[in-house]
Amino acid sequence: MKRLRPFLILAMVVLWLLLNGTVSIGQVVLGLVVSIVIVVVFRDFLPDEPRMRRPATAVALFFRVLYDIVQSNLGVARVILGRRTRNVRSAFVRIPLELRNPHGLAVLAGIVTSTPGTIWAGLAPDGVLTLHVLDVDDEQALIRAIKERYERPLLEIFK
Amino acid sequence: MTAWLHHVTALPIVVPLLSAAVLLFFSEPRRLPRALIALASTLIQAAAAGTLLWMTSHPASGAAPDGILVYSIGSWPAPYGIVLVADRLAAVMLALTAAIALPVVVYSFAQWDRLGVYYHPLFQLLLMGVNGAFLTGDLFNLFVFFEILLAASYGLLMHGGGTARVTSSLHYIAVNLAASLIFLIGVAVIYGAAGTLNLADLAAHWDEASPQDRRLLDGGLAVLAVAFLIKGGIWPLNFWLPTAYSAAAAPVVAVFSILTKVGVYSIVRVGFMVDPSKPVLYGGSLLFAAAIATMAVGSLGALAARHPPRLIAFSVIVSAGTVLAALALGSASTLAPALFYLVISAPATAAAFLVAGMAARMQMHSVTAVLDRDGAEATYTAFDVGEPARSSASMDDDEVGFIIPAGVAFLGLAFLSCGLLVAGLPPLAGFLAKVSLIVAALGSLGVVQHPAHVWVLVVALLGASLAALLAFLRIGVRLFWTARETTRPRVRMLEAVPVAFLVLVGIGLTVMAGPVMTYLTAAARALHQPDAYIHAVLATSKPVQP
Amino acid sequence: MELIFAIAIGLLTGSGVWLLLRPRTFQVILGLSLLSYAVNLFIFGVGHLAVGKPPIIRADGATNASLYADPVPEALVLTAIVIGFATTALFLVVLLASRGLTGTDHVDGREHDA
Amino acid sequence: MKALFDFAVMFAQVCFLLASVGATIRLLRGPRAEDRVLALDAMYINGMLILLTLGIRSGTTFYFEISLLIALFGFVGSTALAKFLMRGEVIEP
Amino acid sequence: MTSGDLPGWALVAAALLLLASGALTLIAAIGMLRLPTFFQRMHAPSMSMTLGAGCALIASMIVSSALAHRPVLHELAITVLLFVTAPISATMLMQAAIRRRERAAASQPTGTSAGSR
Amino acid sequence: MLLWLIVLFPFVGGVCTAFLRPNARNAEAWLAGIVALATLCAVALLYPQVANGVIVRSSLEWLPQAGVRIALRMDGFAWMFAGLVTSIGALVVLYARYYMSPADPVPRFFSFLLAFMGSMLGIVLSGNLIQLVVFWEMTSLTSFVLIGYWYHRAESRRGAIVALSVTGTGGLCLLAGVLLLGHIVGSYELDAVLAAADRIHAHPWYPAALVLLLLGAFTKSAQVPFQFWLPQAMAAPTPVSAYLHSAAMVKAGVFLLARLWPALAGTDLWFGIVCSVGMGSLVLGACAALFQRDIKGVLAYSTVSHLGLMTLLLGMDSPLALVAAIFHMLNHATFKASLFMAAGIVDHETGTRDLARLGGLARAMPITATLALVAAAAMAGVPLLNGFLSKEMFFAETIFAGETPALRIGLPALATLAGVFSVAYSTRFFHRVFLGPPARDLPREPHEPTHWMLAPSLILVVICLLVGIMPAQTIGPVLSLATHAILGSRQPAYSLSAWPGFHAPLAMSAIALVGGFTLYAFLLSRRVLARLALRAVGAARRHWFDRLTLRLVRTFDRLQRLVISRRLQIQLLIIVIACSVVGYLTLNNSIARFSAPSITVLELSFALLWIVGGACALGTALQAKFHRLAALIMFGGAGLVTFLTFAWFSAPDLALTQISVEVVTMVLMLLGLRWLPKRIDTMDPGRRTTRARARRLRDAIVATLAGAGMALLSYTLLVHPGAPSPLSEFFLAQALPASGGRNVVNVTLVDFRGFDTLGEITVVAIVALTVYKVLRRFRPPPESLPGTARDAAQTMISPATLRRLVLPAAGVISLYVLLRGHNAPGGGFVGGLILATAFIVQYLVTGTLWVESRLRIRPQYWMAVGLLAAASTGCGAWLGSRAFLTNMSAHIDLPLVGDVHLSSTLLFDVGVYLVVIGATTLILVSLAHQSLRGRRAPEAEPVAGIRVRA
């Protein structure tokens, strides 16, 4: 075993326990065994271990995302049920990102995908993120919102 | 002692499976261990088949009361779990399979197994499927074994590659997939109406079924019969057969000669089990007509065939039709001769395929005649050395053994013997089978429902013999009497000995016709009185362990 | 419920048979797959339709057959699905090989002139 | 209360099914392949939701594993289809 | 052990969540039909995948927890799985659509439309 | 014992000869000669017994169930024939020793000659009719090989084929006749048959049996209209002709007629058929013999004619005629064999048998000429030679046989005419070969052969003379013995003397002699006429059989293509129709009546579900030709609905399996789709033809009917009333207590019906191996290879972290599903598929090279280990003396973890898991590797699918 992967193994044990729906010692042991086996077998396929800080920021981000999911759902529902689906101003929006941490980018992708109305359309090697946005009122405002609401906390968490 | 002997019943299934799995650990260049494993596995199967043959023919020994051996897989009692049942018929079929498989395995060591990868594992798994189909006493398990043998046959059919093989296997697979679906429909209908999958259990409750259920059961069986008939190569469900069989590599198609027999066996097994008085409830006259048409079409195809494998493939069709026609006649006395014919024709066609494989190579060397452009190409690619063994340096011809000087004479005689056996001509056993079949048919004139069927059958039997005679004559002369003596074709011991073995099996059956027929008559009688089978299967229920 | 179920099987069968009789390999493989769906549902239906009664023994250990769907057809269908999957995969590969060798995707390995 | 709950389960189920019908229409109409892929993806999600309602209605947890797997396999299918559309083949060297 | 034995709060909460989930999913389906371009349509199903699924999952959690008299958090596993996998497939599909449009534009002069629809 | 030796000697000798060194003419000839002589001695030793009227018998059971046994039976007639066969055989062996060239592979020759002798003796000594048929066909076979001895010559091959075709067919007719006869009599024993004449004659099958038996006899004896094979058989080496085609094989037919004469003769049918065929052969054979150019052709047609004579005699239903027939059998054998030997000597010494080229050989080969002269004279019926005597008896019989005026005049007249021809061709034969101006330009310089080669002919000629001069003293006892064996009490009084006195037959002989010389002289003077006749006969004969065969084969081929279609669609259509018809015929009465459906919300939702499913299925059907991807996606939709249906109706395990299989199948098909040819929906003309439309309409109807039928059947079974099956009750009751699992389906799969599952994973493994096997030889179609590298992936599509989370997550889920299977939905199969798909996702999002540079997967080992695990779980039960696959379980108390229920079923399920992972990966990766290969240069190596970086 070249590298111990405590985060990954922890995540996997948690997943194991979630799946089994118990936290008995037997299951914890079994989960550990399973996770270690997987880590050993697939060692070259696994993500690098993240280095995370600022759990409070993370929690705040989590709830912000939850809120945004609800909001954007309602927004999209409005667009769909509105009378003017033909005139929706959809566009590709390019956002130059400072975030380079792969874990941070992964979380950002999850967030963007989870909030309807925006879709991750690709990330160029120079860090420019392309999003497809269902209804753009103000492109700059959107870019700002993404950078402010998501990128900055992520930059803080994954340094 | 007998308790241990009991497990022999499972060996014909378990041994090939284990050996196939072990074979996967040996890479292609390691030929010797692979060959040894394959050979050992086949030998064990042969020994097991022999033991079962002995046990079923000696009921007094106590190993198999009434000549029936029941083995409950997983120790689950009969109607619930899956049982293997080795009765006389199953034992004969197992022995037949082993008698064909053993020489074919040896034959394939002569470079045939190097035409592609995984030959031996697939071969063993094919044997597993065939043996399982003969042994199982469960309808759905029969489906599973059918699938095993079919899946393995797909792989073997394409062994060696080439356009002819691939396109014909496309047809073969498509047809067999359809047949498998039909099989499943039949099984489902039967389960829906009878609530059981065990053959003996099904038969035991056959008469208790309500009229509506009975109709459903009849329907289920009829649908099942269509699936069996497809696999048995009965016209008009057999269009795939000639192309596939004439395209496959020689040892592969040799062992395929047992495959159509599996279809026929299933018809016999299931049909007689549920209703021995009307064994071919699958439609009496309709089935008879199909069987006769099969013989006619097969003979026609044999007469028109231009290449030996195609001729033999049509002979396989004719022999399937022959057996089925005898069954569909609806007379109790024709069953044993039909079985006798089945037992004879399988090794004969197998040997003929092997000879054709050797002769095709002979043709390659001689300049005078290349009968089969496609086949020749196949053979050429077959021995194309760019195959798995290319890396291994030992590809010399000499490695395989002595060269028989009178190679052509040997091949010619072997081909002649096969032709005689298949055509049912004197002096070999095929003739005896046909004679006893006709004698039995004439003898049942007063018994059968349609006396005209007897006459049709007699004419068809003799006509098929005539067609086979003429067809084998034509092809044989083209094959063996056009090669120049000067080319000195080389016949390898590794190929010749298996062929000789199979021919000797045919001759042995000729000499031992009386005892063999006695055994088969007992098998036929058991089929006509399935009570013993039913009782044996349902009585083995042991108390379930808690 | 039974009627809809039966019609469903009929629809799958009809579509499957239609495709089975088409001349292109891809049509045939889809036809066979649809047919195997139909047959799987058919076997499944033999055990009678039961909603909310999976054949998994309850915590109270009751084994009354009326509490559970028939496990036998389920087990049979499971085996049938797996075998069907495997053979479909094989057919796919063979049709590709045939296409590669013959240059056409006709089931007979050559185009027939109509 | 029970009536409301039952109605809600039924309502949700019918909604999910209607949503599937909608997706099917998109699936059949296209017009382009990506639309169909999207429709199938939506059908998978709807299928998962239907399963959840089945589970809620029967009060068993056995549907959970299936929901989990449909999420997983729906992803695999959509990804493969998308990859095929994008590159013309699913697995590249 | 049926839903009839559930406490009232659970019934109400689950019912409301299910109603919301059903409505959202239906709206998403309508969106898939109504929205005029593919890129727009892509946004619709993500509704059912996020809030629609979320509501249903929470409802399911509530019900099974109430039935088992202990927290049953199974469904979180599904949520996690969706969070990890959804971006991958969505991005790929998006990219595919973009590429196909580019390719179609490039081959426009020759006339034929793409073979597979 | 001696009887057995008579039959066995030749066969054993034949086998021994076959193994001798080639080209050792002496050794083979000695061996063969000794065998023949020994057999002859054995026959001779039996004479005392036979002469006393004893029928020597011995038998061996062969297939008693069908009344088949080897019954050897020697009476006087059989003795006479056995003597004939063995003595001429011995002479032919001697002759052949000198005839065959040193270059010929003689072991084969002598071996088959002896085998033929054995077969012939088998016929002669048959006491069982089936046995007779066996040896009968064996003579056909050995004669086939002997005729084709010089098989590099086309005419030899042709002659052999024709001979076997005709005689083999006849043999089958004979078999049919014998079977009918045996059924009439109730036994195949010759004695029983001979004793049952009245019963046979009265039986309604008599005509059929008779005709079939006669067909057998006539083909063998080359009677009109089956005479044509005999002249073609002259391509055989001359010793063969001398033996088979004069003395032995062709005599089998008349032998059979004589043998069964007591049982079959005596009816109008017999008289009509046998006499007319005999007379036809007699006259036509004699006439044709006159126009042959080949010496052996003359002799062959003369044989036809003489056999016709015997047939005619046998047909006459008079004991005296029978005596004459048997007498002529002997006589003909001697003079004809001698003539063949002479012809062979001529051929051997001059290198040709062409009458047009030969001439004047009497000067170069006086002894041969003398011998040939005597033999030819015997053939012509010159007094004081044996041929004369039997011919006299024949002429006498023709006079007395006729009952109607036409016959009274016609028979003798035709007989005399045949006699005229006979004299003419005998004269021609001798004249053209030995007299006249000496031939020039012969291939070889003619001279007298070695004395040993002349000896056999000499012996035969001496016999001709002896019999001709003092018949009563020489042949008398034997003839009496032979005829008595057949006729018994009906044996007539007859006298044998060299000079029968002046009476009508003698007049006929005289007319024949004079007429024959005159005819030949006339033909000589009109050479043009003779040439014309020669040409006519030659043209008629040339290769007509070949042409017929060819035409027949072509017809068969056309017919065969008609009844065995090579089109898959036709075959599948027939299968569908067969299934539907069979289903309809058996099930149409049991279809359940519809009850009005109750419309509930639940029903409605299920209906909605299947609106989706049905639309997807129909969409798949309609789109599969031109929009494959669309069809595939719709197919996915149908699969999804099927999955939901399983879940809906309480089958979580099924649903799991269905969805995983469904997705893997879709990925597979996507992998394959790339290699299919582009198809663009242009309205190609083929689609619009009426025929194509009719075909589509037909298929649509069939599909609709099949669908409707299936729906009806399903409905019937769905509403089929019935208690739960005992199986399910048992499984439900036993799952937890006996197998320790709550998930009854899983317990069924790994325990109750674990054998099925073992088979199922075997199928999966086989398929994977096959896929690999096929694909490593796969040649991608050239046009489907990418010409240039496509647009490279410039953009990073999705974050790597997410991609890399899939595998561990799926791994955990996979193991969870595996371990939970016994108690909850899941199990080895689904677990394996999850891991395999997760693996494929890695390939999919990163590419082959990336994955394989990081991991050596050896799927075949996974499969092997899995199969071994599953199978050895089964075998493990043997250690506990339990049946294969018996569940063995134990509870183990582990620290921390607590009580663990360990069961062999878990190991079994792990086996399933491993096999599924290995197989699925192998299949998917083999397919994926095709792209890798497609990009390489065509000549680059046959890529081994997964042979990844060692």
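Going in written order, the chains are labelled A, B, C, D, E and F, and every chain counts its residues from 1.
We take it that contacts are C-beta pairs under 8 Å (C-beta built on N, C-alpha and C of every residue); 3 or more make two chains touch, one makes a residue touch a chain.
All values derive from a computational prediction rather than experimental measurement.
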item: Chains contacting each of chain B and chain C, listed by label; value: F
item: Chain at the geometric heart of the assembly (C-alpha centres); value: B
item: Per Cα centroids, the chain farthest from chain A; value: F
item: Pair joined by the larger number of C-beta contacts - C-D, C-F; value: C-F
item: Centroid comparison with chain E (C-alpha atoms), farthest chain; value: F
item: Rounded Å distance, chain B centre to chain D centre (Cα mean); value: 48
item: Distance between chain centroids, defined by C-alpha means - chain A, chain C (Å); value: 39
item: Centre-of-Cα separation between chain E and chain C, whole angstrom; value: 28
item: Averaged-CA centre spacing for the pair chain B and chain A, given as whole angstrom; value: 61
item: Interface hub residues of chain C, defined as touching at least two other chains; value: 20, 25, 28, 42, 46, 51-52, 54, 56, 72, 79, 83-84, 86-88, 90, 94-95, 97, 101, 107-108
item: Residue list for chain D, restricted to those that touch at least two other chains; value: 13-14, 18, 20-21, 23, 30, 33, 36-37, 39, 54, 57-58, 61-62, 68, 72, 79, 81, 83, 85, 87
item: Set of chain F residues in contact with two or more other chains; value: 566, 568, 572, 576, 628-630, 648, 652, 673, 679, 713, 717, 724-725, 727, 731, 752-753, 756, 760, 763, 766-767, 770, 774, 777, 795, 797-799, 802, 805, 809, 813, 820, 824-825, 845, 927
item: Interface residues, chain A side, partner chain E - complex; value: 15, 18-19, 21, 69-70, 73, 76-77, 79-81, 85-86, 88, 90, 106, 109-110, 112-122, 132, 134
item: Residue numbers on chain F that touch chain B, as the complex places them; value: 61-68, 108, 130, 133-138, 141, 144, 148, 151-152, 157, 160-161, 164-165, 168-169, 171-172, 175-176, 179-180, 182-183, 549, 552-553, 556-557, 559-560, 563-566, 568, 570-572, 574-576, 578-579, 582-583, 585-587, 589-590, 713, 716-717, 720, 722-727, 730-731, 734, 737-738, 751-756, 758-760, 762-763, 765-767, 769-770, 772-774, 776-777, 860-861, 863-864, 867-868, 871-872, 874-875, 877-878, 881-887, 942
item: Complex contact set, residues of chain E against chain F; value: 80-81, 84-85, 87-88, 91-92, 95, 99, 112, 115-117
item: Touch list for chain E against partner chain D, complex; value: 1-4, 6, 8, 11-12, 14-16, 18-19, 21-23, 25-26, 28-30, 32-33, 38, 41-42, 44-45, 48-49, 52-53, 56-57, 59-60, 63-64, 67-68, 72, 74-75, 77-78, 81-82, 85-86, 88-89, 92-93, 95-97, 99-100, 114, 116-117
item: Chain F residues touching chain A - in the complex, by the definition given at the top; value: 794-802, 804-805, 807-809, 811-813, 815-816, 819-820, 842, 851, 854-855, 894, 896-898, 900
